[in-house]
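Chains: A, B and C, in written order; residue numbering restarts at 1 for each.
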Amino acid sequence: MTQPVIDHAAELAKAGAGVETRLSKAWFLMRSYPLGAIGLLLFFILVFCGVFADWLAPMDPVKTNADTSLALPGTIHVLGADVMGRDLLSRIIHGARISLAVGIGSTIFGCLLGVIIGLASGYLLGWFDLITQRIIDIMQALPLLVMALVMAAALGPSLENTIIAISIPLVPHVARVIRSNTLSLREMPFVEAAKAIGMSETRIAVKHVLPNTFAPLIVLATAQLGSAILTEASLSFLGLGIPEPHPSWGRMLSESAAEYVRTAPWLVIFPGIAISLAVFGANLLGDAVRDILDPRQRS
Amino acid sequence: MASYIIRRTLLMVVTLIGLSIVIFAMLRLVPGNIADILFDAAGFIDPAEKAQLEEELGLADPIPVQYWNWIVGLLQGDLGFSYVSELPTIDEIAPRLPITAKLAVLALFFSVIFGLPLGVISAVNQNSKLDYFLRVISLSGLSLPSFWLALLILMAFVSWFGSMPIYTNPPDNLWDELLLYSVPAAAVGFRSSALIMRLTRSSMLEVLRQDYIRTAKAKGASDNSVNYGHALSNAVLPVITIIGIEAAFLIGGLIVTETVFNIPGVARFLVEAIQWRDYPIVQNLVMFIGLVVVVTNFLVDLLYVALDPRIKYE
Amino acid sequence: MQPKTWLAGLALAATLAVPVYAAAQQAGGTLRAYHRGNPPSGSIHEEATYDTTRPYMGVFNNLVMFDQTKDMESLDTVVADLATSWSWDSSKTKITFQLQKGVKWHDGKPFTAKDVQCTWDLLQGKGKAKLRKNPRKIWYWNLKETTADNDHQVTFHLNQPQPSFLALLASGYSPVYPCHVAPATMRTNPIGTGPFKFVELKQNESIKFVKNPDYWKKGKPYLDGQEFTIVKSRSTRVLGFVADKFDMTHPNDITIPLLKDVKEQNPAAVCYTYPTNISYNIIVNREQAPFDNPDVRLAMSYAMDRDAFIKILMNGEGAKGGVMLPPPNGVWGMPPDVLAKTPGYGDKTADIKKGQELMKKAGFGPDNRLSAVVSTRNVATYRDPAVILIDQLKAIYIDAELKTIENSNWHATVAKKDYQIGMNLTGLAVDDPDVALFENYACGSQRNYTGYCNKDLQALFEKQSSMSDVEARKKLVWEIDAKLQADVARPMIAHYNAATCLQPRVQGFVRKRNGSYSDWRMENVWLKQ
């Protein structure tokens, strides 16, 4: 079952030094993980669109035009135009920036907090664990969307607030998994061995326990990358999330666009494809990264 | 064991008290209250009439007094009155609970029944064509916005059958009920099943690489007995945690799905109540959801301990 | 056969046809409609939305009402309801109503003139009982008192003549309330004399009414009841209508861009695409610099491309106009030639030039652009026009950002003047200047959001109200309207058109062309089996 991985190590050993090594290593990884390569490509396109949106987009994404309201996809508007006559392709390209910000922003923020809390909690135990576990319990007792709704209502809809609203519910999710993993790990022989040779607690936690929690963390984080984009779409559907006129995919997909789903299906189809591909890519990439990063697979 | 359960029960009480403070405080931080909402429907705000209304509803009291009044009422089983309908809160919440409960159970059922076996199949056949296929399917389950999926389903129903499975009247019999709920439950459950499948796969792979599995194999145990006997029983551990968490997550998915399919359950009702700043409904409903989640987590933990001999009651 | 006898025969056939038509009305069946959200309460006097009048108007009767079989609301279409007849005194300041006898409230108590008196005392805040909210208090600025002369006669005493007072009473917003039921009860369990009795409201789920079997109008209503399913998501509820789950949509719920699809999917559907007498307009905070400068406000009015709004939001089917709905559907609106002279309604390119000049005069220009914020509700109906507005303001050097505000905070924000430019929608309860001018532009009115107050114009409001010569009054109303637009008091963008759709089996329903709040008695409606 793990055959290709073993090959991988052997091939690597054969490969030369310097730049060539890195290139061939990358090439090799792509050949070993074709799905991951596709994911990487999709993710790269997303990043590229997000970064260079101003140059890539053929039109101003917020420019309304009465004459092109609900224009069909064609030569002028490649993917058609929305009810306000705004060019859909341009909006989707600019939307990549927002989805990227929401996805990466909330994932990093949420995972960072979650890992710190989960690791400390699972390793230190004691009163710290007790208190954080209570806070986590309280947070987990509130469903994600409920918390996001209340927070979005309290903070007011904006990009930053949406990121916060989406990342906070991730914290207990990550913290719990990291903690339960840490709990298992601290019973492991190699941790006990480290203790026996007199390593400090913090050192053990960071050097031995933390790396071993990467696999589940990466799985969670990459799933979160996609699901953050999805959550933003749901928030928009419920009337929160990123406010108009910012071209957020979630908002483009929801509410008013859904009203025209039969008369102008492209309004729902193209942003829907954009979201699905971005999330799909993030997930494929995450799977591959997980397989590669897993320490036991590498050895 | 008994002392563990007592300790956990006490901790649950602490959690619920914490939750009550959090939700109470959060609601008061949200700008605007019911008086604003009620005046919104009248198209103006009259400061004197608004003050009068706040007085009437007890919103003019100091915040700690409001909290105390709520908790004392809650402990005595008095949940107060909905600000919007002016009916007892319990009469607003109770009839909606079974609807959401049925939907959630059905969705969870769908997700486990598909997610778990497919995850195992995928792990056992790692990197085979079947594995790739199943992974792509499960990934698409995680990639489609669930309300979008729900909308597409509705549209498909209208196009093909000229009818649609939305809730207009309470169903007459069990069969109708099952029919009515299974489409929205599938729409929500698709995502959950994909998640469970992925998790089952990755934790199966994790376990299959553990030393004791290698040992078992080296000792000549058959593939099947290793895969299903040793590996699955160990891999199920994180999966159970996720199922427990997913139960709470489901409520979120249900908010959107109940909106699209127009099902009058508590999930959508909660969102409405937040938007209407109907404090008695939101506070008590959140406490109820909190209770359910906390108890579920407790049960999950008990199961966790029972299944993993490495973890002791602490 | 002589031509004359032939004609007489035709006439006879025509008269005979009337009872034949009446006999064709079938009793029975429950009307199933969808509703877009929770009604804020069942007490019509406390609310200002058709979310309440649509379902609850059938519970009540008025003294007089707009003829439910005619498609216009005006002084000419006012007919008797609980009043059998009415007359003005010689000074035109007292109007006396004779009341229907033998009418009972849904709880069995008899209806008398005291109930009428109580209702208008309640509206004026005079009685012991108080309304929690009283959005139409301003309507009765001219009402001195209401007297019950005997059990079946009631008189309204006015300070000055006001022919349109009758139109106010005829609105769907003016039901007669029972004296013996507390206002709080009316919110949750309304009691009326009308064709339908309230059964229950399940929040976010349904509202139910059953036929009042003892309705004093014999033979009516034809329906056994009305049931409303509350559906929040517009795409879901429209699909529901297309799939024939509902007999009727919510008022004005089918936007023009959606209409095409509804007609394609359900060609038999009967859709009334009429002006709603709801208008898009903007409110400008005239206390905050630089919007305290009339030039900046006027420049904004010049910059707004009203045709573009109408084209985008309503596929070109809305109407340009001032405060009052323009003809042919509106009774009081400025005719096109008068409107064309109003600033901002001329040639667009020239108008934008004028706007740019005004902005330059105020110290702004291509290199010194004005940053501003457009606030609006976080609802698509409000957000969409706000986005268009922001785009159009760029032409006159204004870079505006959109700020969306939750419904719960909208009026608080407006009341605190915590905005610069606001995108707003205004619905008119009755197509009458006495409603439009006093509610929205009179000094001190609660719904005059910008606090616009012009004493000279106020005097003209009162003058037009007292005029009985309709043509002369119209001229004055146009003059006032033009002045309000030039003052950029609450500049109009467009009058909103939308459709209300019914399945073809729903008969006897007539939608008004110039209002959205007075069509819903439903006593003439029946279902073809």
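Assume a contact is a pair of C-beta atoms (placed from the backbone, for glycine too) under 8 Å apart; a residue touches a chain by one contact, two chains touch by 3 or more.
What you see is a predicted model, and the numbers here were worked out from it, not measured in a lab.
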Centre of all protein Cα atoms: which chain's centre is nearest to it?
-> B
Can you name the chain that lies farthest from chain B, using the mean of each chain's Cα atoms as its centre?
-> C
A-C or B-C: which has the larger count of contacting C-beta pairs?
-> B-C
Report, in whole Å, the distance between the mean C-alpha point of chain A and the mean C-alpha point of chain B.
-> 21
So how far apart, in whole Å, are chain A and chain C when each is placed at the average of its C-alpha atoms?
-> 48
Separation of mean Cα positions, chain C and chain B [Å, integer] = 42
Touching two or more other chains, which residues of chain A qualify?
-> 153, 258, 261-262
Any chance you could list the residues of chain C touching two or more other chains?
-> 233, 235, 265, 406
Do you know which chain B residues sit against two or more other chains?
-> 31, 151, 155, 259, 275
Per the touch rule, the chain A residues reaching chain C in their complex are 62-64, 66-67, 69-70, 83-85, 153, 157, 239-240, 243-245, 255-256, 258-263
The residues of chain A that touch chain B in their complex are 1-2, 4, 35, 125, 130, 133-135, 137-138, 140-146, 149-151, 153-154, 173, 176-177, 180, 183-184, 187, 215-216, 219, 223, 226-227, 230, 233-234, 237-238, 250, 253-254, 258, 261-262, 268, 272, 275-277, 279-280, 283-284, 287, 290, 296-297
Could you please specify the touching residues of chain C with respect to chain A in the complex?
-> 233-235, 238, 255, 257-258, 260-261, 264-265, 305, 307-309, 311-312, 315, 378-380, 383-384, 386-388, 390-392, 402-404, 406
Given the complex with chain A, which residues does chain B contribute to the contact?
-> 11-12, 14-16, 18-19, 22-23, 26-27, 29-31, 126-127, 132, 135-136, 139-140, 142-148, 151, 155, 195, 198-199, 202, 206, 208-209, 238, 241, 245, 248-253, 255-256, 259, 270-271, 274-275, 286, 289-290, 293-294, 297, 304, 308, 310-311, 314
In the complex, go through chain C and note every residue touching chain B.
-> 32, 38, 40-41, 46-49, 51-52, 132-135, 184, 187-188, 201-205, 229, 231-233, 235-237, 239-240, 242-245, 265, 406-412, 415, 446-447
